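Right after this note come the structures.
Next come two complexes, and both contain chain A; in the first it sits with chain B, in the second with chain C.
So, the complex of A and B:
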C-alpha cells in the first residue's frame, strides 16, 4: 500500500515536472517562432495594416502581390543565382579545407604546432572592420573588385578559423588507432584522411557546411564592399534595396525575406539529423 | 594513392576555374571612370559612375533619367552604382583604394570632412561661369551646405524642409483649430496638450506630438537666434539665445505630450503618427506619409511653428565629383545634367523655381504646395564642420537625450554639450 502510494506520488511529481517543462518549452518556442510568423504574416498584409497598433497578427486577406513585387522590384532570380554561386563555392571550399587543416592540427606533431594554432585562433577575435580597408586595397590591386573572387577564393586558403577549431576538436576525439591500423595496411596520411576520417566525420562536416552556407547566404558586408555592378548583387543586397529614400517597402521586403529564407530552411531540415549529431560531437552551439 | 591526389587536385582546379569563370564573366567595370576625353577633343564617351543610396523603385526612376542623359550626351556614359546599405563605409573603402565613383551623392554632414581630405573636386569656377548652372536660383540654405572654405564642392539635388504633419480628424475632434501657418511654439504647446488623451486609469492613449531625438534640436535653438556652432567653428550652443530655444523645447518635453524616447523608438515615430496614436508629427516635406496613411484619416501639412523667427531644418544632399576622377570635364558636365534632371524628379528641389513639377510628380503633395514653398525659403542645414558626425553624436548624447529624459536642465545640457564639442573640434 505504502509502495503504491509512493509510486503514485512519484508519477504525479513526474507529471507536474513534465507539464511545467512543456509549458516552458512551448512558451520559448512561441518566442522563437514569433518573428518568423510575423515576417510571413506581414508578407501577406496590405501596406496600411502592417503597423496597426495593436498589431494585427493575421493578414487582412492574402496580398500575394507583395511576392510579385518582391520578384519584380529587384532582379530576384539573378540575385538568387549569384547568392547560390557564392555560397556553394564557399561551402565546398570551407568544409574541405577546414577539415584538411583541422586534421593536421589534431593528428600530427610539428614544430610550433601550438603557437600556429593559437595564431589561427587569434584571427577569430580580429574584428572584420579592422581588415576592411587593407583587404579591399589588396583585392583592388589584384583587379578582383566587382567580381566574385574576393568572396570565394579566400575560402580555398585555410577556410575559417572557427570551423578549423571545431573540426580539430572532433578529430581529436577520434581514435588514433584507426590511422595506425590503416598505415600498417599501407595507406599514407592523406588517404587515411580522405578514406577514413572524412567519412566518419559526416555529422561534423555537415554541421560546418550548414553554418558556412548560412554565413555566406546571409552575408551583407562582403558583397556590399566588393560588388559594384548591381547585376552581380546577392539577395541580401537586394533586400537592402527595399529601403527607399522616403519609405521602406515592408510588404515586398518581408515577402522577399521569406523567399530568401527558404533555401536555408530546406538545407537545415534536410540535414537536421546530421546537424544534431554534429552539435553533440563537436560542441557547436548555433 | 596517386588517383586520390589526382581526384583532389581535379576538384580544386574545377572549383577554382568555376569561381574564376563566374567572376570572369562579370569583369570589373566599377570604380573610377574609364575612357579618354580631353576637354573638347573626345575620342570616345567617358565612362562615369554615380553612386547612390536610392532604393529599388527609385533606382528604376533614376535609371530612366540617366538613360535620357546618356542618349543626349556626346561626352559621357553614366552608370549608376547602387550602394543599398552602409553607404559611407563603402564609399570610404573605395576612396582609400582610389576607386571612388566619379560622382557621389553625399549628405550635407559629410561634405566638409571629405573636402578637407581632398577627395572632392572644387567646382566653384566652373559653376560660376556655366550658363547651365544658375547658382542664384538655389536657396541659400542648401547651397551653403555644399560650400567649404569659400569653395563649392557639389550641387544640392534635394532639400527637404521639416514641416508639421497633423491628423486633421484628431485636431477637429479635440476642438483644435487647424494650424494657420503662423503658429508659435507656445500655440503648438497649447494644441499638443489638448491633443494628449488619458484614459480613466491614467494611461496615455493618444499623444499630442512625438519628440524623440527628431526633429533636430537646432529646430528650437535656431528659432530663438541661437546656433550650435557657427560657420567658423565657434561653439555657441551654450549662448543665451541657444539656451532660450532649449528652454522652450524643455517646456514642451515636460508637458508629457510626447511618448518616451524608448516608446517612440520602439514603435517608430512616423508609425505612431500613421497609426493615429500621435496627432502632430515633424517630417520631411517629401515624406511619403499621405500615401501610407491612405484613407485612415485626413493628413494635413503646416509650416513648422516659429520662435523669434521662422526657420526649419532641411535634409539636404548634394552630388559631388571625386577628385580621383580621370575625366573631370565630363564628370562636371554629367553633374550639371544629372542635377538639373533630378529637379524634375519626385524630390523637393533646392531651387526657387523648382516647384512646378511637384503636382505632377507627387500629386499627393499638391494640397501642401504653398507650405512646401514657404518652408523651403527659410529652410537651412547645419553649419557643417569637418567632424560634423561626431558633433551631432555629442549633441545627442550630452544634450538632446538627457533633455528628453528630464535628466538635465537646458543650461547644464548646453554646458556639457559645449565642453564635449570643444574636445572634438579643439576650438
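So, the complex of A and C:
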C-alpha cells in the first residue's frame, strides 16, 4: 500500500495508482454524503417540490419554515432539553465513575481483584437485554417509571464495562512513579487520581465521553420503556412518535432530524483529534 | 505499610462498579432466570411454568421469522461491513493529498445514527417517492418496494448497514500503524502487486482487529433495535429479534415470554462468540508471533511519518 518513489519509471505507475485511488475514494465519499445531503435538501424543500419526479437535488429556495414547523409540531425545545439533561448527566457520571473504577483496577492490588476484573470483562459479553425486564420491574417498584432516574442513575455505578476496560488499559500504560512521587509529598490517593491522573488522561476521557454521549443521545429503547409522559420525551422518542403518523410530512420531519443530529456532529468534530488518539491506544485495535 | 493502604484504597475505587454490578446485573440475572420459567404478565401473580415459554417460542411463527431475519442479517451484514471498512481503511492508509478529508467523510455515517437516520432511510427507500428508486428509474430500472416487499427487506437492512460500516475504519487504521513497514518493502522488492500485498500482508496483520470487529458486529446485529423499530418493513417480515422481544414485553406484557427470548439471545451470542474465539487461533495472527520468531532481530522501526494522525 505504501507507494514510494524509487525511480522515474515508477512515477507513471504511481500516477495511475493514485488516480484510481482518488476515484474510488471519491465514489465512496459520495455514497456516504448523498443520504445526508438528501436529508438537508429535503428539510429545505417546500411540500410540493419534495414529491417532484425526477427529484430536485437542490431545494427551491430555503424553506426554513420546515424548521419552524419542526420546532412547533414536536415540542422540539422541550425534547432537546430533556435529551440534554439525560445525556449530560450520563456523560459526566460515566466518564468520572468509570475512570475512578478503572484507576482502582489499574493501580492497586486488593484481594479478589482478578476475580472482579474477570467478572467485569464477562459483563461486556452479557447482553443487557437479559436484565432488561427485571431491572424494569425494579424501577417500577421504586416508582421511578416516567422519571429520568432509570436512565441516569445506573451511570453512577460504573456506567459501561467497556469504558472501564478502555480506561484501565490507559492507566496501566501510565507510570506508577507519578503516584509514588505525589504520595511522598503527602497527597492522598483520591487527590492523586483527580489532580494527576485525570488531567493526563484527557484523550482517553474524551473518547469515553464521545461514546457515552453518542450512546445516550441516540438511545431509543430506554426512553421508550421508561418515559410515558410526552413532556418528558427525549428527542429520539419524539421523532419516533412522529414516525407513527399515517401521513408523514417529510420536510419538517427531516428538519427535526437534522437538528437532532447537530449536537453529536458538533461534539465529534470538536473532539475528533482526541477521539482518533483514543481509539489508537485503547487496545480496541487488538 | 504501603500495601496495606492500597488494599483498602483499591477496593474504595472499584466499589461503585461492584455495587452497580450486584444491583443491576447479579440480582436481575437471577430474577431473569426465574422469570423465564414463569408466565409473568405484570398484572396477575406469576406462575411457574417450567420450560413452557421456551417450548412455545419454538412453535411461534413470529419468533422464528424474527430469528431468521436477524440471523440472515448477521450473516450478510457483518462480513460485508468488515470487508467494506477494511478495504476503505487500506485505501486511506495511502499517503495521498486530502486523505484526512476522505477519512472524515467516510467516517461520518458512523457518527450519525439513531432515529433521525432511520427516518432518513425510510424516506430514501420509499417505493414511489424515495431517492433510490427515483435514481434507479433514471437509468431505466424499476426499483422494488424496498421496505414493502418482503423479499427486499433484508437487502434494505444490509444496504443501510453497509452505509454505516465506516465505523470500523478508525480501528483498522489504528491497526495499520502497527504493521511493520519492512514487510511492504520486502514485498516491493519481490515485485508483489498491491492486491497481493493487501491479501498477504495487510489482512493477516489486521486479523486481531477483524476479530474484534467480528465479535462486536455479531453482538450488534443480534441486538439491533432502534432503526429496526423505526423502519419496520413489510409487516412482520421486517421485525428483528429485539423488536419482537420489546413488543412481547411492553406491548403484550408477556414478561416471562420476553425474558425467555432474552435468554435465547444470550445463548446465541455466547455460542457464536465462543465459536469465533475457538476458531481464532486458526486465523487470528498476533504481531508478537513474529517478534517471538525473530528474537534477535530488531523490531522494525515505525516511522512517525507513516502515522496517520
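In this text, the second predicted complex is superposed on the first by the 232 of 286 C-alpha atoms of A that agree within 3 Å, B and C clash if a C-alpha of one lies under 4 Å from a C-alpha of the other, contacts with A are read in each partner's own complex, and residues count from 1 in each chain.
As a working rule, a contact is a pair of C-beta atoms (placed from the backbone, for glycine too) under 8 Å apart; a residue touches a chain by one contact, two chains touch by 3 or more.
Model, not experiment: these values are computed from the prediction.
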{"item": "Fit or clash between chain C and chain B when superposed on chain A", "value": "clash"}
{"item": "First (chain B), second (chain C), both or neither touched by A:232", "value": "first"}
{"item": "Chain B versus chain C as contact partner of A:240, first or second or both or neither", "value": "both"}
{"item": "Contacts of A:132 with chain B and chain C, given as first, second, both or neither", "value": "both"}
{"item": "Partner chain(s) touched by A:71 [first = chain B, second = chain C, both, neither]", "value": "neither"}
{"item": "Touching partner for A:17 - first (chain B), second (chain C), both, neither", "value": "second"}
{"item": "Chain B versus chain C as contact partner of A:40, first or second or both or neither", "value": "neither"}
{"item": "Contacts of A:158 with chain B and chain C, given as first, second, both or neither", "value": "second"}
{"item": "Chain C versus chain B, contacts on chain A by residue", "value": "C"}
{"item": "Partner chain in contact with A:196 - chain B first, chain C second, else both or neither", "value": "neither"}
{"item": "Contacts of A:119 with chain B and chain C, given as first, second, both or neither", "value": "second"}
{"item": "Against chain B, colliding segment of chain C, chosen among 242-250, 278-286 or 296-304", "value": "242-250"}
{"item": "Residues of chain A at both interfaces, chain B in one complex, chain C in the other", "value": "51, 53, 132-133, 136-137, 156, 220-221, 224-225, 240, 242-243"}
{"item": "Contact set on chain C toward chain A in their complex", "value": "3, 6-14, 16-21, 23-25, 27-29, 31-32, 35, 42, 88, 90-96, 102, 104-106, 108-109, 111-124, 129, 131, 134-135, 137-138, 163, 166, 170-172, 174-175, 177-178, 181, 184-185, 188, 194, 197-198, 202, 208-209, 211-212, 219, 222-223, 225-226, 229-230, 242, 245-246, 249-250, 255, 258-259, 262-263, 265-266, 269-270, 273, 286, 306, 309"}
{"item": "Interfacial residue positions of chain A with respect to chain B in the complex", "value": "47-48, 51-53, 73-74, 85, 89, 92-93, 96, 132-133, 136-137, 140, 143-149, 152-153, 156, 187-188, 190-191, 194-195, 220-221, 224-225, 228-233, 237-238, 240-247, 249"}
{"item": "Contact set on chain B toward chain A in their complex", "value": "1, 4-5, 8, 11-12, 15-16, 18-20, 22-24, 26-31, 49, 53-59, 80-86, 89-90, 92-94, 96-99, 267-268, 271-272, 274-275, 277, 284, 286-288, 292-294, 296"}
{"item": "Partner chain C, residues of chain A touching it in the complex", "value": "1-4, 17-18, 21-22, 24-25, 28-29, 31-36, 38-39, 42, 50-51, 53-55, 97-98, 100-101, 103-105, 107-111, 113, 116, 119-120, 123, 125-127, 129-138, 154, 156-158, 164, 189, 193, 214, 217-221, 224-225, 235-236, 239-240, 242-243, 250, 253-254, 256-258, 260-261, 264-265, 268, 272-273, 276-277, 279-280, 284-286"}
